[in-house]
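This is the structure, below, for whatever I ask next.
Letters are used for the chains, namely A, B, C and D, taken in the order the chains are written, and counting of residues starts over at 1 for each.
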Amino acid sequence: MAYNLLKGKRGLIFGALNEDSIAWKVAVKAKEEGASIVLTNTPVALRMGKTNELGELLGAKVIPADATSIEDLENLLKESMEFFGGKIDFILHSIGMSPNVRKGHHYSDLDYDLLLKTLDISAVSFHKILQTSRKLDAIENWGSVLALSYIAAQRTFFGYNDMADAKSMLESIARSFGYIYGRERNVRINTISQSPTMTTAGSGIKGFENLLDFGDRMSPLGNASADECADYCIVMFSDLTKKVTMQNLFHDGGFSSMGMSLRAMDQYNKGLEHGSESHNDHIYD
Amino acid sequence: MAYNLLKGKRGLIFGALNEDSIAWKVAVKAKEEGASIVLTNTPVALRMGKTNELGELLGAKVIPADATSIEDLENLLKESMEFFGGKIDFILHSIGMSPNVRKGHHYSDLDYDLLLKTLDISAVSFHKILQTSRKLDAIENWGSVLALSYIAAQRTFFGYNDMADAKSMLESIARSFGYIYGRERNVRINTISQSPTMTTAGSGIKGFENLLDFGDRMSPLGNASADECADYCIVMFSDLTKKVTMQNLFHDGGFSSMGMSLRAMDQYNKGLEHGSESHNDHIYD
Amino acid sequence: MAYNLLKGKRGLIFGALNEDSIAWKVAVKAKEEGASIVLTNTPVALRMGKTNELGELLGAKVIPADATSIEDLENLLKESMEFFGGKIDFILHSIGMSPNVRKGHHYSDLDYDLLLKTLDISAVSFHKILQTSRKLDAIENWGSVLALSYIAAQRTFFGYNDMADAKSMLESIARSFGYIYGRERNVRINTISQSPTMTTAGSGIKGFENLLDFGDRMSPLGNASADECADYCIVMFSDLTKKVTMQNLFHDGGFSSMGMSLRAMDQYNKGLEHGSESHNDHIYD
Amino acid sequence: MAYNLLKGKRGLIFGALNEDSIAWKVAVKAKEEGASIVLTNTPVALRMGKTNELGELLGAKVIPADATSIEDLENLLKESMEFFGGKIDFILHSIGMSPNVRKGHHYSDLDYDLLLKTLDISAVSFHKILQTSRKLDAIENWGSVLALSYIAAQRTFFGYNDMADAKSMLESIARSFGYIYGRERNVRINTISQSPTMTTAGSGIKGFENLLDFGDRMSPLGNASADECADYCIVMFSDLTKKVTMQNLFHDGGFSSMGMSLRAMDQYNKGLEHGSESHNDHIYD
């Protein structure tokens, strides 16, 4: 069901890799809600994923860009404005990757060149998009910018590694630039801290399914799905949330405000009944 | 402009006193978005304010109820369900009053009977609404409940007095009951922490205009208005925010994430230039 | 080992029931660190517990007082100052009790008279101590006041019931009164949010042992003990923490900053291996 | 006055440039409390500042090291352990610098190579110290590690620039590594979020004196001094705070929990009385 919440708006979406991507679902719903869309991804992701397919489906322009490259971003923003015939109303940043995680470096054995890459890809890219947009005056007054985050920015999850630090920085950038862009152009900048989600990115994380189970039992409403996250993004892009800025918005079925649910405790207790000797063989993480 | 976001939904709204009330504006917008409405207020407020007028305007039923009385709430909920021909989809709690503030008792000279009244009116009433609703199974699955709060729940503002403690408790009730009502009926419960707003309630607070000025200069988007707050309530009542629960959502133009803006500092500095001897004569608060 | 951290200081301690009480251990350590002590508890608790025994052990005066009674508090503070021959340097509030929990009322079936009692005993009593102290000018400049809290003030734990709302209010009172007493007398007011602890109070909570196990596995340093909590109280009473005020200080082995530890997840996973059908028979909480 | 709180302990202190440095005062007090000290700073800072002088004063060894260089850190830690004849009990990280601020790049015109330097110097260095320490097993069981932070990690202060993002990341590293080092060696890792302080670093920030004035009037206890911060560091290094970890501890006279004080509002109001036209000529920041 559509409401015309984004009628006439123009949106730029980073990170729609395939049907599992939150960004994919945001693009689809934004279109349904009346928006014109530009999709972007790195050239490699465009080859590996299905972004072009989505572009055809939505009548969206697909523009390759590495979000860590100012040159690419300048080109992306200019081409987007040309395609739209005007400035951009909303932007979604759904980008995150840790080469340290990929290469199996534990958080206590980080490769520091790779850490800077994690930061550049997952956090600084957000600043680069904002700074380049501001220089080109590419975002319409009262525009809305979102980045997707995770509660690891506030609390430590084993195995999440240097992505936790990157997400903390990402949320800080939303605040820092939200101040600048807000006072100058009334542009609001927020992050949505989403439940763990079985996307291509999420599925790479160790023990992810059990973490999903825990989250689901802890959260009174269960984990939030990618589809539901897309709904939340739509309202944050709409004109009904104009004064919400510099916030990190938990979209997680209540997980962030839970200490312990009965359902999760019951499951935990079953483990206790069966003894506490460890019989799993995963690598210490 | 309306989107049909609440088409077919039924909402119960506490605290629509007059045109300045946030609850008033929520009722008007909810109606525009397709909802049926029941308005409620205490018998005294119904006589003093214009709730009945609003009822006529919106074709809404007006039911008197003291939100601290279980009997009144039972009657209210039953009559509402009769009027609607079914369960309630959303509830707005916009109730707050401190008899200590009214009677001029400083926070360090509280009357403790009045403190319990502040708590009963401004916080426990929220629990009473929820508990009574649950007993009568009055809220539809996936319903949405909101209460209006203020950042004094987290940070101390001189003169806000025992309302700060009441708002802290209000936000805690939203979490505590959000867990219960979420796991059982998927009902979500949140608070919106709104900018200081020039309502009838707000205008009673000492030095309120200057506080508004400070908030406006600190917030990159300026203070959020009552109208904008109503917009935010609408999206929180809509089906697009189903997995947001147990949250306190700042709707304040960015104020909550600011330490110091240049605009507020400039104003402050002007005060410094003119000397730091105190030349105001208000009572120490 | 003692450091003379409280040499010459005078402390008033609420809630030292027996050897398991955190307040008991604070009293013992405060004495070791050079303080003179007054102990207080309700007349009933004095009969049931061992406070008088502790008084003899420490050469401390024991003064009966119901912390919800202004009259009792006035008497307590006056007698304390007489005993000390001067003002009080530090106060510990370790008081909490929910008649709703005692009588088995679920959070969705609260007795509201009992809720007001929970609040009066567990939160408002803190305000009463502070307000009465201020009126009698009973606390020395740069004095330090602590109350013991729990993370349920921020996150929902099943079964913690209306104590969660009371703790939220308690922490708010620490901030609100911390502002007043700080600006006037440089008195600092903080709460310590302690790990779940096997005291007489703690042991009454349903499923408490398993919650302790979970906390212990989640916290990188394990749960904090009552003894360790007493150490932390000592430093907060000492002259080395003079500018810390209006804070809620987590003393929990890291629990509050954890999302998921490997150790807790391992235990949880064992429950998963053994199927997810529920085979416990406790009452739904 | 000394208490022997650090008797027999061995501490490594980064960033003691001159008498104004917080790290300087920590070193002096740690010595008074019975600790042996190693001081370290970059070779440039050793030439420009007075670290060597302090070394002589305290009988401390001074070892040059660039905290962004793993090689330097390895050497530093090995030499420290040799000097101490054993492992290190506590570490203070008091390092922060933004080349973007130095070169006058506004936050909306960052040089991204310099941003990575800001991060490397001000945040990643903390990880490098911890990772290298862990690899060399250089920290004693139950050791304590602190880094100095600022509330800009949570709230935006104009002009604080990319240091805000660096401090957010620094605090995240404290949590992430606090989990690892806690579970393995019971080492606790915290940050202290200190009032703005007139150190050599602080004095470079634009409009810093007025910000100090505002902080002082907002905080019920006034701004915390460098001396008082050193006191707080001592207790966090002592055995009395063993279970406090992964926390950001505000040491700020109450500033972080204030929304508005009467004293700050009075000053602000004076600015209002004198008109709101801007008559300052600083560059928009």
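By definition in this document, a residue touches a chain if its C-beta (ideal position, glycine included) is under 8 Å from a C-beta of that chain, and two chains touch if they have at least 3 such contacts.
Small disclaimer: the values here were computed from a predicted structure and weren't measured.
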Chains contacting each of chain C and chain D, listed by label | A, B
Taking mean CA positions as centres, which chain lies farthest from chain A?
-> C
CA centre of chain A versus CA centre of chain D: separation in Å?
-> 31
Using mean C-alpha positions as chain centres, tell me how far chain A is from chain C in Å, no decimals.
-> 40
Which residues belonging to chain A are in contact with no fewer than two other chains?
-> 155-156, 158, 175, 178-181, 246, 257-258, 261-262
Tell me, which parts of chain A touch chain B in their complex?
-> 1, 3-5, 175, 178-183, 186, 188, 195, 219-222, 224-225, 228, 231-232, 234-235, 238-247, 249-254, 256-258, 261-263
Chain A-touching residues of chain C, taken from the complex the two chains share | 151-152, 154-160, 207, 210-211, 213-214, 257-262, 264-276, 278-280, 284-285
Touching residues on chain D, where the partner in the complex is chain A | 70, 107-110, 112, 115-116, 119-120, 123-124, 127-128, 130-131, 134-135, 153, 155-156, 158, 161-162, 164-165, 167-169, 171-173, 175-181, 246
